[in-house]
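Okay, so chain A shows up in both of these, paired with chain B first and chain C after.
Presenting the complex of A and B:
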């Protein structure tokens, strides 16, 4: 029973990591950009949530009305820059790492390096939970799971049922052929990067609801998010969610069985094994969609 | 790839601009950005303008005391307490006779909780700024980093909070907070003494430990010596069965699995040998599970943060070297009350959530008293003379009484540490009984 409860805790937390991985995975899979600035946008989204909720009295969840469009714009601008300068996959990693470092410093200068956490009266969700039978579902991570499922379903729908989505998939598979068929890959890329930025804003809000933030938080997230992207299959929307749930649940059970320090050991052993035996990920993106 | 060069140049320019524009916007402190030495802290949170020299007051060139504090970063909430306490001390000193008849200026640098930069900053303070005296940074890892620099230059290092006695081997470091030479033995025994008084209502323990240096040391002793006793061996010897023993990495924020394991073990008391906000995270996670352990002990929590959880933390135990409880202040010199009230006013003015002059502020005050008494006793700024004076004479501390420094035990004086408990929304000293402001409340409340 305890193992199941630990798995629930872990899976719910993992769904948030899955949501963080969603934008990164799509950008990597379809645009061939390894965009570490995605973590910068998550960080900014989190800090803006704390600021708007604390100083303007907004509901933390409602802050995405402001932060999501803002991060959409930033994400789109970064992608436009990548396009303008014809940045390669590897260079996108280096440049976006620079952007992440700059953002961490800017956040430190604006909000200081202190922990930022919303007061209980501003963020009553933090202490709430839902009980179903013998199992407990903490409200912050339950909310995160809800958003993660919703965004994955939406993204999957757009990819499979809309012209833009199908064009994006075609572009992801073969840029030149897609361009020959008249697909405006620049506009599509900017829109996708903007949408990834918006998802980063939502992830930032969800993190701020659940735990304290410090400017260096992205460096705690990167390892696990990359593990989820790789296990989920690069560019596989549903795969990121499944991998997030899997990694979270495994972490939770391992932490219960062998202690929290053992979780990273097991998770990254899984990643190494996956890279050796299933380099396409546990849930690879299907060709031909 | 032809366009790589402009992109790289743009990033480089951006980095330079950001670096050049970096300023500390941490709420009015005049300390400069991390890693830079700044002016004295006049105008810092909760401070007043330095008093003008009056007849009989200090005169001449100021004596400069250099040091860093974690004013921002993970340790910032507590570091600011040391800043305000220290500035209050300096202001009061300058308002009376100063040090050796001269005013004191505090050259305080924000180390941003970055332990990797501590040695470099102290080297800069001593070698480049040529400060007359130094005072330690906040938090054990940072103090450990500053100590070799002080030793290399032969500077006396009074330090606020490192209680890791075996590691503080420099003969001229002087602790402002002492849990004796063996904190790993004293803390579990003091806790067991208190629990013994509850008549057997507590018998099982869930031990939860941050793998960081000082907390792990209290739980398990030194990593390289299994013979040394600590919480994990002392509590069982005292009749308390450890039914869960969980370690977590530094920076852990996922408390669900820890809470679940504790719920399974169902201990009578959860002993959290952790730091800062960790106790809050675990207590909230246990509450979400519906697990309400009869008692909780938190070793080094952020004191205000624990109280911010309201009824959830009622009854939580912790350690303290001073609490401004009325019955304790009533037995002290009136100056102690004056200091605590003035400190609280400054903390409130700075907008900090918890205003009491407690352990951290008392440790800070002790440290400044050790430094200034050493200088006055030596009658000069000669570092070896200051060190020798303190070894020979000890110091008279407002909040800890007279203390003697024995180099054989790394200058860690017999502890005055007590146990405090959250009662009625505030911290109250409850143990030992002869120091208590209120009786210890057991599981029944």
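Presenting the complex of A and C:
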């Protein structure tokens, strides 16, 4: 495999991490919550996809018809709880950490700690691949990249063009002033958290289609996803996608050159450098917003 | 003031730990109990070391696993692979982890942007980086894991479990002693002040960088020592087993459960969580352990974020009595369970008692002590107008300018403040008054120009050095240390001021400064319980406690009613009478005229006029700046 190929493969895989980071980044930027329960929802979404596809015979991709509304509800409920108890940014981190480990244990108790994956006949997509030019891509990776780009474009559109999106941006910049101008921050926050939850369900489905799951998978994701949130800039929707692609590409090339165990080393060294030199993210938004 | 019983508690723990192996020899308890207690001691060391940084200073770390991992792998490589002396290797492990801590600190603490959640996430990265290094290099691990053989130890300490218990005791006791000593001295109080308001602490003379480095160094050292010790017990170490989320998760839950601002909080949390884990496993409920931990974390953060320690100290005798009573009863009856079950039952009973309503809460205690608070700011006899001679200059600002991006807040201001002066600094909103205060106090550095304090150029100095040169300031919006009482707010300023004293002496001396501003009756209240006027007076008391030569009062009377303003004016007079020079930033011209020996008028970042109050305030240019310029030059 050439470096170029490794970079492209890595970037496509990284876009899925960008999608996972999207909800987290928006919640942090606009609602001032660091919601680790986002990972719990991704995990649940993934397991539900496996379960529904295997036991009800649904197409794995179609399971999001059920999981996305469900995770919308859970995400919205968690946010309503944060509002109800007036949870600070920092305490939200600890509380949602508690929610995450509860979920991990529940998932373990229901589905066991062993790897769960869909049988080939349930998930035919896993074995397919698509040839584009000189490269052959696995279908799940392309599917994930397609969803990730689509959802980021959608999120960007909603933020820029709709009243709710502009209200959210205003709210993210100054909560009190925005509230004084009549923005119902509770409703907006609950809606955004619900949307984040739905995106978590989709990310969970995409992961389940591509690879096996274990209950402790979230702890493999957290580091990389936070790296992307920080590199992309907190609350920066497009930046999150770019950072996902970048982290994925770097990981791919490093893994090829020095072995897979070197890629977290490089990625997290990148995070430390980014935090020290560019805490606002690598991709500054255009001024004027 | 309560007498400190910490030494007694610490000594009792030490004696108890010494007695355990001795008693174990002469009784028929199984080896299991030594193992169980060693497990608690491991967590006491890890959680206490985490708490020194993250609890005391508020710099929350997800990176405990990095310090722990350095200790574990130092032992695995140097002792396990190369057969070095294990005692030496324990020390090396501690030192290496400390160096890692200092390295992280040197990177993170230089930047004011790396606070709160960003610091927490930075620390999250280090275990991943270390895991990568360990997995990558075959000389360390290479992904295969490393065997740590049983070390040779004195026959007196056999079997191994006893030897390991003794090692664990030493490290845990070291951790508790360090945490306690810091709690009782300036090292801990600097961190408490940093946790509540780092900039205000620095401005009062606290060398914040130095103290944060001490905290992260201690965190690393103890975490590393403890990791090196536990590696001896593990027998085999692997990357996955070392750099996972167990250690960072448990230290957080334990400290949150116990208390993050008390030295013994993590100890309490470690006892609770380890016992709980053990009982869950013994009862076949291992599959519930994360659920239980998660629920504890969520419920505590929502309902009792201050931790169990705070609950227990409200009724210490009752909590202690119930604990001993339940254990003694079950132990004597011997009809149910084993000693660990008795411990678990007693711990549960204490929690139930602690959450019963009633008892002395912190608020009640301060209410008891602040009887008659309405009269707290009544001042004594009228002081004669001070007749102080104007002496040598304290501050000399020469052509000082400050830009914020494209905004020119100050455009070349020169002014001098000399001993014995009370300079009124006035000007319309946005004229640069507060910017000038921030430049003199070192909170900002000038874009150009020079400020000399007592003949020393100050622009390159950190604010705490400037405080030590004799400059103190108050904030327009008061910034008290919210978790410390009014008295302790002042005590911190004394501890780190120009004539530093120890904690107890500082607390006593604090009364003098509280009386100076008329807050003596509110000494034991928390800042959140007093009104704006009283918080502004606290700002002045705290600033005076640093023994300044010059006090910068930044709109210390904003938002007060007329009676309170008269009080504040009286306090300013008293401060001046004590020989301290003052720069008074104020919008109330009545007050400025009444108090100032000289007035400096700023407008649009320049000195508009300067001189005797009577003359300056009649200057047509000053009148125009204040009453607006729209009358003669629209759009100017």
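Just so it is clear, the second predicted complex is superposed on the first by the 283 of 289 C-alpha atoms of A that agree within 3 Å, B and C clash if a C-alpha of one lies under 4 Å from a C-alpha of the other, contacts with A are read in each partner's own complex, and residues count from 1 in each chain.
Here, a residue touches a chain if its C-beta (ideal position, glycine included) is under 8 Å from a C-beta of that chain, and two chains touch if they have at least 3 such contacts.
Computed from a predicted structure; not experimentally measured.
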One more residue to check, A:102. First (chain B), second (chain C), both or neither?
both
Would you check which partner chain A:2 touches, where first means chain B only, second means chain C only, and both and neither mean what they say?
first
For A:226, is the partner it touches chain B (first), chain C (second), both, or none of the two (neither)?
second
Taking the superposition as given, does A:179 touch the first partner, chain B, the second, chain C, both, or neither?
neither
Between chain B and chain C, whom does A:86 touch in the aligned arrangement: first, second, both, or neither?
first
First (chain B), second (chain C), both or neither: which does A:211 touch?
first
Touching A:120, do we find chain B (first), chain C (second), both, or neither?
first
Taking the superposition on A as described, I'd like to know which of chain B and chain C A:59 touches: first, second, both or neither.
neither
Just to be sure I read the superposition right, which of the two partners does A:13 touch: chain B = first, chain C = second, or both, or neither?
first
Common interface residues of chain A - those touching chain B in one complex and chain C in the other:
85, 87, 91, 95, 98-99, 101-102, 105-106, 108-109, 259, 261, 263-264
Contacts from chain A onto chain C in the complex sit at residues 28, 34, 85, 87, 89-91, 93-95, 97-102, 104-106, 108-109, 219, 222-223, 226-227, 230, 258-259, 261-269, 271-272, 275-276, 279
How about chain C: which of its residues touch chain A in the complex?
60, 107-108, 111, 113-114, 116-118, 120-122, 124-126, 128-129, 131-133, 135-136, 143, 244-245, 249, 252, 256, 287-291, 293-298, 301-302, 305
Note: in the complex, chain A contacts chain B through residues 2, 5-6, 9-10, 13, 81, 85-88, 91, 95, 98-99, 101-102, 105-106, 108-110, 112-115, 117, 119-120, 126-129, 131, 136, 138, 211-212, 214, 220, 251-253, 255-256, 259-261, 263-264
Contacting residues of chain B [partner chain A, same complex]:
1, 3-4, 6-7, 11, 14-15, 18-19, 21-27, 34, 72-74, 76-77, 112-113, 211, 246-249, 251-254, 256-258, 260-261, 263-264, 277, 281, 284-285, 287-290, 308-309
